[in-house]
Amino acid sequence: MMESLIAAASSYAGQIDQVTHVVAILGGFWLLLAEAALFYFVFRYRRSRSPKAQYITGETKQQMKWIHWPHNLVLLCDIVILVFAVRAWYHVKQEMPPTDDEVRVVGHQWAWEFVHSGPDGKLGTDDDVSVVDELHLIVNKTYKFKLEAADVLHSFSIPVFRFKQDAVPGRQISGWFKPTKTGQYDVPCSQMCGIGHGIMGGQVYVHTPEEYRQWLDSKAPKSAALPVEGLDRIAMNQGGM
Amino acid sequence: MATAIPIATGRSATGIPTGKLALWWVIGSEIVIFGGLLASYLMMRLMYDSWSDAASHTNTVAGAINTFILLTSSLFAVLAHNAAERGKGPLAAGYLVLTIGGGLSFLVVKAIEWTGEISHGFTITTNTFWSFYYTACGLHGLHVIGGMTCMGIIAYDAVRGKNLQRVEYIGLYWHFVDIVWIFLFPLIYIAK
Amino acid sequence: MIKSAFRIVTFTALFVGFMPRAFAWDNDRPAELYKLCTSCHGIDGAGNQPVGAPSIAGLPEWYLEAQLTKFHTSVRGGHVKDINGMRMRPIGLTLNEENRKTVAKFVSAMPRPSTPDTVKGKLAKGEGTYQVCQACHGPQAAGNQALNAPPLVGANDWYLLTQLKNFKNKIRGYDPAKDPNGYAMAGIAATLDDDAMLNVVSYINSFKPEPVAK
Amino acid sequence: MATQGHAAAANGHDAHGHGDHHELSFLQKYIFPLDHKIIGMQYLFTGIFMGVIGALMSYAFRMQMAFPGKAVPLFGLITPEFYNSMVTNHGSIMIFWFAMPVLIAAFGNFLIPLMIGCDDMVFPRVNRLSYQIFLLSAVILIASMFVPGGGFGGAWTSYPPLSASAVYNQTPYGAPMWLLAVALEFVAFLLGGINFITTLMNARAPGMKMYDIPIVVWMIIIASILFMASVGPLIAGAVMLLFDQTIGTGFFDPVRGGDPVLWQHLFWFFGHPEVYVVLLPALGIVAEILPVFARKKLFAYKTILWTAIATGVLSFVVWAHHQFVAGIDPRMANIFTVTTLLISVPITEMLFVYIGTLYGGSILLTTPMLFAIAFIAEFLIGGVTGIFLGASGSDIYFHDTYFVLAHFHYTFVPIAVIAVFAGIYYWFPKMFGRFMNDFWGKVHFWGTAIPFNGIFLPLFYTGAAGDHRRSFDLLNFPELNQPNLIFARQFATISLLVMLAFQVIFFINFFYCMFRGRKAGANPWNANTLEWVAPSPPPHGNFAELPNCHRGPYEYSVPGRDSDYWPQNEPAT
């Protein structure tokens, strides 16, 4: 059901969709039942067909069982939903599986900064590749992310991964995801972050390892040489420094 | 304005006078306001150990004096209530004036204390501890001022023997202000 | 009577409350588009230093359009260190080519506001350093469209300083393919150290903006 | 209104010390009234006025969502900050300046003294003060949209650091004014709430016991208590945030040792009970209307009362479900999922009881009854879709999407629009002594109920497909620019236009019938509760003779009686 609306491209997307489906089925059942009862009563006991109302207080056990039994069953459904929800939550937010690579994500007003670990696979080294609004991942690799915010609250959200986490300034929040489908997907910010909030959003590119290698090569540090080397000396002379 | 007093005012289905009942609800809603502020303070205090350094600059002596002043003024409020019960309006008013005097000395001590702190460079923007310090004490101080104002009006009436039941209500409110201070004092001054 | 008074008050309040908006609808599109800029650059386009928005009013149309296009294509504001650029970029993204032209024209027609001096350097040394800039930006820093050099006179000095540093640190104009003009400027900026930047900006401050015939 | 009844009122009240009744001037009567009914009217009209403003705002940003970048008639081009400020103020207005004043203050002021059979609130002057503070807050809020920088645009939750600094939100005046308005509004409702609670506790008619009090009065009182118990921390938080904005403290600024998440806790500790603060009075209004038009005793009065109290208590321990992904400890989410799902139990039970009331009735589909039934039907959808969000697992995906938006509009629109209309159509004869036109009322009903679903069902769809909230333009997101999603957004917007157009019928009907409608007697619906004992409209002082209470409020179709209703004040023979 959910996948017909939006692609599922991470390892846990299916599990979160499963929770959605369970809620939809159980909730939908009770919704339909209640609506059906409501409209049936309105139709059946309309004034023209039922001119005299019955006197029912609803205080006796006999009468209240009509309320209590459905309501106990609702409670049972709640427990089922709870089990599914907490299992999914635990898997996504509380577990930390062994990861292959790391990315650092920083929310700015109004752009995402993605720091890729570069060829050495470690963050915080010189070969980190840091780009705006482009996150490049390799399919079927587990990533640990470190989420920060530079100014205000942001929310790092990848709908196709069924993933969302707010970025809080002053904190570093970690988590994981594992893309399972190649392609290009949206990375919106889903927490109000100011005027540009609506347009703040990047793209995640889930690559095959070869494509990723190509991208990484294209990002290799450019030659530091600047076009007009000679001007350096002119400025020094004329500025008298 | 129309002077007709609604019958509703005179009814008392619970047996508690309406004014007193309302006052309890006022105090209830005030408790959550101060509760929210102090809960935030406690949460952050427990999060940051460094606050004890900032807290060590508070003037515990001034705080202790103020605690003593407020407790004494509460005693006068009780005496005022006692006098009002016996129908002695002017005596009750006298005790209320003493209570106001207590509130006033509280504010004077507070003013001296704050002057010292501000001259040492501890202002509301220094750090979060001081922000809480000034906000919580300032909010409490506003309640003291409000209580004193109401008390003045009630004392004015009480001299003429009018609305003596209000002496009890303002006393209740004053105890509440006092109790808030009893919470503020150890949390802000003593905990170092 | 009372009831009709009530009615009149209600409807008048409704009408008055929404009149400003109702009139704004009839305004021309350029002014409408410019509303997009006002929250940072101000109604008069004089800029706002705390949010990092420079003075834009009265800049040449070609320059404004070029910069908007750069923001639109993430040539500017696409670097992780360019904090203010990242705030401008989304606004640029929302403007299509026609809107960029329209709003650039509108902004260029606004009177150039005076800017306060906020940096202090050594004028004499700055004058020397400015010789490098003069070739493109002109002796009075009035700019030169033929060389794609914008006027510097009347610009916010803090903004010039930030941009010089951005050029030098390859935050702006780092990509020769996408931003050749910026790349050329980056080469110049790379030759200046922090003091020289301060001096040259102070020197540019000393120019009197010429009364531009409009 | 209420000019002809004065003589009677004066007569009736002489015995109780109401000696010097004299004609009040216009100013005394309508601008600075002490009469609870006039204060209720003031709240009603101010609330509806604010509601109209809020609705026009929704028109502005829905047009932007459906046709991005096009100039919107009446508003012009929607810039991002204007969009944000519209979204923010729409939310604030609809909850704080429309739902609360109308549901609690207007109906509470009008109904509580009448329904418990007394002549006024116990503190008329506090009541007037509460309205005046409320009016001041509304004026400040509206003014905040016309100051330099425009109105506050940081969403109605106003999360810091965005809301705490003008460098981030670019509204140096709008943000503090918004906050000040909200804080003043809270003070107004605290004063009003204390008055309501004290009035109910002390001023009940002789003989009115706990289970004789009409449900709507109970609900308003429970809501007032909930509000009073939850708003304190947010008032403290508002002071802190105001200091952050204006004098530069750092309560919520992480750079200076503050904590932005603290505000979220303070806000939602209030924010979630707030949902029930507006929900309960709406449920109360429906509980009054269903028995009257089904001619049937309310099913399980005590169950309704106790489930309402249980809901209220539980609402204090569910707040963090708004913050599942906000950076709180993930283990906390599990606890709050449990409490959130638990709260569905009393609410479900209450709705089942409402449906049960209709069983075996004799239902007459008048306009108020249609609205009341629509309330239950629509609110059920709102309730069920809430489970997607309360279940932590699926909330990871649905949080801050249009699905959330559609969900809470499916609760708030039934509450603040449908139930309010039900209440207005039902009590209009009591308020103004005349009926509203039933035919145009029904036209208005269908023109409200059908387009309402037309607005928010598509938004469930776009939300499930990933539309995130508060975006002024989705051009940066290719996934969200598929034709079916664009169509859904446009469909929603057009439904909104239709719904807004039908509200014009309501206003014409309302104001026309206020003066020209068919005259109604004291008890036009043959209802039991005490307000129908007073003349319509009730004069100052309400009752010619203050009623006594002899039985519960819902004794309809009692076997062995000739008439199918049995007013509370009628002594048993």
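First chain written, first letter: the chains are A, B, C and D, and each begins at residue 1.
By our rule, a contact is a pair of C-beta atoms (placed from the backbone, for glycine too) under 8 Å apart; a residue touches a chain by one contact, two chains touch by 3 or more.
Keep in mind that this is a model prediction, so the values were computed, not measured.
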Longest centre-to-centre distance from chain C, chain (CA-based): B
Two chains sharing the most C-beta contacts: A-D
Distance between the centres, which are taken as Cα means, of chain D and chain A, whole angstrom: 32
Where chain A and chain C are represented by their mean Cα positions, the distance between them in whole Å: 36
Euclidean distance of C-alpha centroids - chain C vs chain D, Å: 46
Per-residue multi-chain contacts in chain D, two or more chains: 80-81, 170, 259, 473, 475-476
Residues of chain C touching at least two other chains: 39-40, 90-91, 93-94
Residues of chain A engaged with two or more neighbouring chains: 109, 195-196, 198-200
Each pair of chains that touches, named by its two labels: A-C, A-D, B-D, C-D
Of all residues in chain D, those that touch chain B in their complex: 13, 16-22, 24, 28, 32, 34, 113, 118-124, 190, 193-195, 197-199, 201-204, 208, 228-237, 239-240, 243, 247-251, 256-259, 262, 266, 269, 541, 546
Interface residues, chain C side, partner chain A - complex: 39-40, 74, 77-80, 83, 86-87, 89-91, 93-94, 125, 128-129, 131-132, 174, 176, 183-184, 186-188, 190-193, 195-196, 199
Touch list for chain A against partner chain D, complex: 2, 5-6, 15-16, 19-20, 23-24, 27-28, 30-31, 34-35, 37-39, 41-42, 45-47, 50-59, 63-64, 66-67, 70-71, 74-75, 78, 81-82, 84-90, 92-94, 109, 151-153, 155, 157, 159-160, 162-171, 173, 184-186, 188-201
Complex interface listing, chain D residues touching chain C: 26, 30, 45, 49, 52-53, 56, 69, 71-77, 79-82, 142, 146, 148-150, 166-167, 170-171, 473, 475-476, 511, 514-515
Contact set on chain B toward chain D in their complex: 1-9, 11-14, 16, 18, 21-22, 25-26, 28-37, 39-40, 43-44, 47-48, 50, 124-125, 127-129, 131-132, 135, 139
